[in-house]
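Below is the structure I would like to discuss, written out as structure tokens.
Chain naming follows the written order as A, B and C, and within any one chain the residues start at number 1.
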Amino acid sequence: MDYAIKKRSAACDGAPGAANAYRAKVMGLSFWYRDFRALHDVEMPIHDRKVTALIGPSGCGKSTLLRCFNRLHDLYPGNRYQGEIRLYPDDVNLIAMDPMMVRLRIGMVFQKPNPFPKSIHENVAGGLWVRGIRRRSVVDERIEWALRQAALWDEVKDRLQGSAYELSGGQQQRLCIARALAPEPEMILLDEPTSALDPIATAKIEDLVTDLAKTVTVVIVTHNMQQAARISQYTGYFHLGRLIEFGETGDLFTHPKAKMTEDYITGRFG
Amino acid sequence: MSAVSSTAAMADVNLEGLIRRNRRVDLVFAGAGLLVLFVTVAMLSALVIDLAIDGAPRLSWDFLTSFPSRKAARAGILSAWVGTSLVMLVTAALAVPLGVAAGVYLEEYAPRHWITDVIEINVTNLAGVPSIIYGLLALGLFVHAFAMGETILVAGMVLALLILPVVIVATREAIRSIPLVIREGSYALGADQWQTVRMYMLPAARPGILTGVIVGMSRAIGETAPVITIGALTFIAFLPPAPVSGGFPFINFDWLLAEFTVMPIQMFNWISRPQAEFHVNAAAAGLILLVMTLAMNGLAITIRYRARRTAR
Amino acid sequence: MASLSAVASGVVYAPDPAYLARRRLVDQLVRALLFLAASLSVFVTIGIVYVLVSECVGFFQKVSVIDFLTDTQWTPVFAQPHYGILPLLSGTILAAGIALLVAIPAGTVLAIYLSEYAPGRVRETVKPFLEVLEGVPTVVYGYFALLFVTPLFQVFLPSLAGFNLLAPGVVMGVMILPYVVSVSEDAMRAVPSGLREGAYALGFTRFQTAVKVVVPGAFSGITAAYILAMSRAVGETMVVAIAAGQNPNLTFDPTEGAATITAYIVQISLGDLPQGTLEYQTIFAAGLTLFLITLGFNVVGFFLRKKFREVY
């Protein structure tokens, strides 16, 4: 297998504000679902406040890797990690941390919108409530901020007490994004967030992701290569649990270094 | 808004305490769940052990073959278990065909029609009606209006009506869980609806239906209230006429019209007496009842478990 | 059966039209029979209503409705008879209330524990255990309440009477618990796992997920479980008939004995019941009251479920 990881020449200490700072670094990460090895020694940086896309054919491990970031695998028995994901600027290993602590710092949006069976207000406030932020004024302010970030405020500001299920699919997904954003996570993970949505809703979400990246680090899994090309700055191509190639999105799509990458991008398989 | 990293740093200080507090609540709740489980298990064990201790010494061949008597030491449950067996025979003979037929109709044939809705609402409603109301129905209608008297037949009828919803629901769920491919395969061969149901779907649904029937019957065995209401007597020192007789036509149905008692009623009668000796008899009868119903429930669970494994 | 008609390049089997007609007839006949079986449930409901109402017509010709609803004594067989339903109602409500106080909180906690906390193996052992618990005959529970639980409680509560409402209430609670658990737990398991993952991803603990996401998401099913429990508690007969005594007693003190509606019906049924007498009709009046109560529960439950139907 050809690996081609573009290493940054500067020190990867994630100093915020540095032009080439990292927010996280995946180091030698392997993962097993019971006996099945889903990830093989993945080495990959996550750049601070940039959008990193994970692409590849079905079953290549991109969603598996994404769920390692917020330790969602810990919910189910039989899963096993090996290696590290270092989180900066603290320089701690996510894999060894308390999973709840990880989830309080890193948010996730799922493929199928999953708002709680509650009002819009309660949904967005969920992450705040769980952190003990319950004072009405603070919560209201945060909710408005989060809904604006998710480009949903204008559509729902008059019906915050209404049920979340009254919203359309695209709106529900933006609600879930607002919900994940409200507690101001350090990183937000998006697992194929638009695959269940129509093109208009998809476009709206792609726009807001680009805006989000100004303040939050984004890692997005997508099976839609054009989407990756549109909104990410860095892309990692995965195949059968291995990172085949990683680099700046523009370079990877126009001049892929590995043949497998080229085959996937040109549609020879996938 | 504040820079992301300072928020993170600030949040960390609170987060650890928060996590610890939340975890504690989590643990307390898990403890509560286990406590409930433990108490429930303890109660059931206490019940079984208490019954066994009180009643087991009284179990004997004599006990099983004697009639009730005013002397506690001589009293037995012969008329009671014979009565139970006969009543269960009638119950099964009525509940199984009617319940399965109704279940099949509702699941396979019923069109979207307000009549279907009425039927379904009724089945659901009847499942929640107290058993003693069924007894009143049988008393007013069967015993008096139809002048059928206080007989085994009527007891079987009322118990059949009581467990009908159980059989219907079990049949429906069993049919519902049959993979679509079996039904489609049969139609593709040119079979009509009844042929499909009779030759392919009912056999496939058999374990589920059987489970439901067994559970229903185990309920019927333990039911006391409706049978008392229709007038089953509590002191029966005779047996119903035997179904098989020496002369022509060899089988008679007189027993259906006989007076009778059943096991739970006998137990109730004994425990209603103040004398402790009768309580011992009640415990023994209860033990037999308990073993019977537990065995039947266990059988139903095993059937369902086996069916689920082979279905994979 | 099939007639052969040769066609140029092969043999074609065409079914005999008479055969097809026969099959169609059979199909229609079967459909009619199955429909009759299904509509039986409607007739049962009609029968119940008819029996209860017709006997009550006779009853209320002799006893005024006002008296029935307001008289504080229920002594139909005394020389100076009183026909107030209140004592029976208070017994029923008190016993049911105690049972629900036990079954609903404990049952919900256990259901949440099984659905959200317990590892698969624990759940697979506990669920059959609960089914077994459901199968214990109610007379056996009555025995247990009278001869084990009451003496046990008397150790802690010396003022507890031999016949009381506390012991059967608690035992009924344990008896109803499995129903609450199994219906609630099924409802909770039906909540899609995506919802849970969303909560966990936000940093929720198990307890917080259960309480803020799963339980609200399973609300209609849990409501159904509670309504079912209430119906069962109010309609239960043997446990109270055995352990609470049969003395109508208008009280809210569970340490005293009292009669419930169901226990009264049983008591009268044990005696001689000439049809048409006022005593005979009293059991139908009591029965109608009970039926209306459980009907009320079912209707409320139906509307609650309809209002809160989940739309994932």
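In this section, a residue touches a chain if its C-beta (ideal position, glycine included) is under 8 Å from a C-beta of that chain, and two chains touch if they have at least 3 such contacts.
What you are looking at is a predicted structure, and each value in this text was computed from that prediction instead of being measured.
Relative to chain C, the most remote chain by averaged C-alpha coordinates is A. The interface holding more C-beta pairs in contact, when A-B is weighed against B-C, is B-C.
With centres set at the average Cα position, the gap from chain A to chain C is 49 Å.
Averaging C-alpha coordinates per chain places the centre of chain A 52 Å away from that of chain B. The distance from the centre of chain B to the centre of chain C, each centre being the mean of the chain's C-alpha atoms, comes to 13 Å.
Shown for chain B are the residues that touch two or more other chains, namely 22-23. Within chain C, the positions touching two or more other chains are listed as 205, 208. Listed for chain A are residues 100, 104, 130-131, each touching two or more other chains. Of all residues in chain B, only 22-23, 25-26, 29-30, 32-34, 36-37, 39-41, 43-44, 46-47, 50-51, 54, 97-99, 101-102, 104-106, 109-110, 115, 118-119, 122-126, 128-137, 139-141, 144-145, 161, 164-165, 168, 192-195, 215, 218-219, 221-225, 228-231, 234, 264, 267-268, 271-272, 279, 282-283, 286, 289-290, 293-294, 296-298, 301 touch chain C in the complex they form. Looking at the complex, you find that chain C touches chain B at residues 23-24, 26-27, 30-31, 33-35, 37-42, 44-45, 47-48, 50-52, 54-55, 106, 109-110, 112-114, 117-118, 126, 128-129, 131-144, 146-148, 174, 177, 205-208, 210, 227-228, 231-232, 234-238, 241-242, 262, 265-266, 269-270, 273, 275, 283-284, 287, 290-291, 294-295, 297-298. Partner chain B is touched in their complex by these residues of chain A: 16, 49, 89-90, 98, 100-101, 104-105, 130-132, 145, 184, 186, 215-216. Those residues of chain B that touch chain A in the complex are listed here as 1, 3-5, 7-8, 11, 14-16, 18-19, 22-23. Within the complex, the chain A residues that touch chain C are 70, 72, 75, 77, 100, 103-104, 107-108, 110, 112, 114-118, 126-127, 129-131, 165, 176, 179-180, 183.
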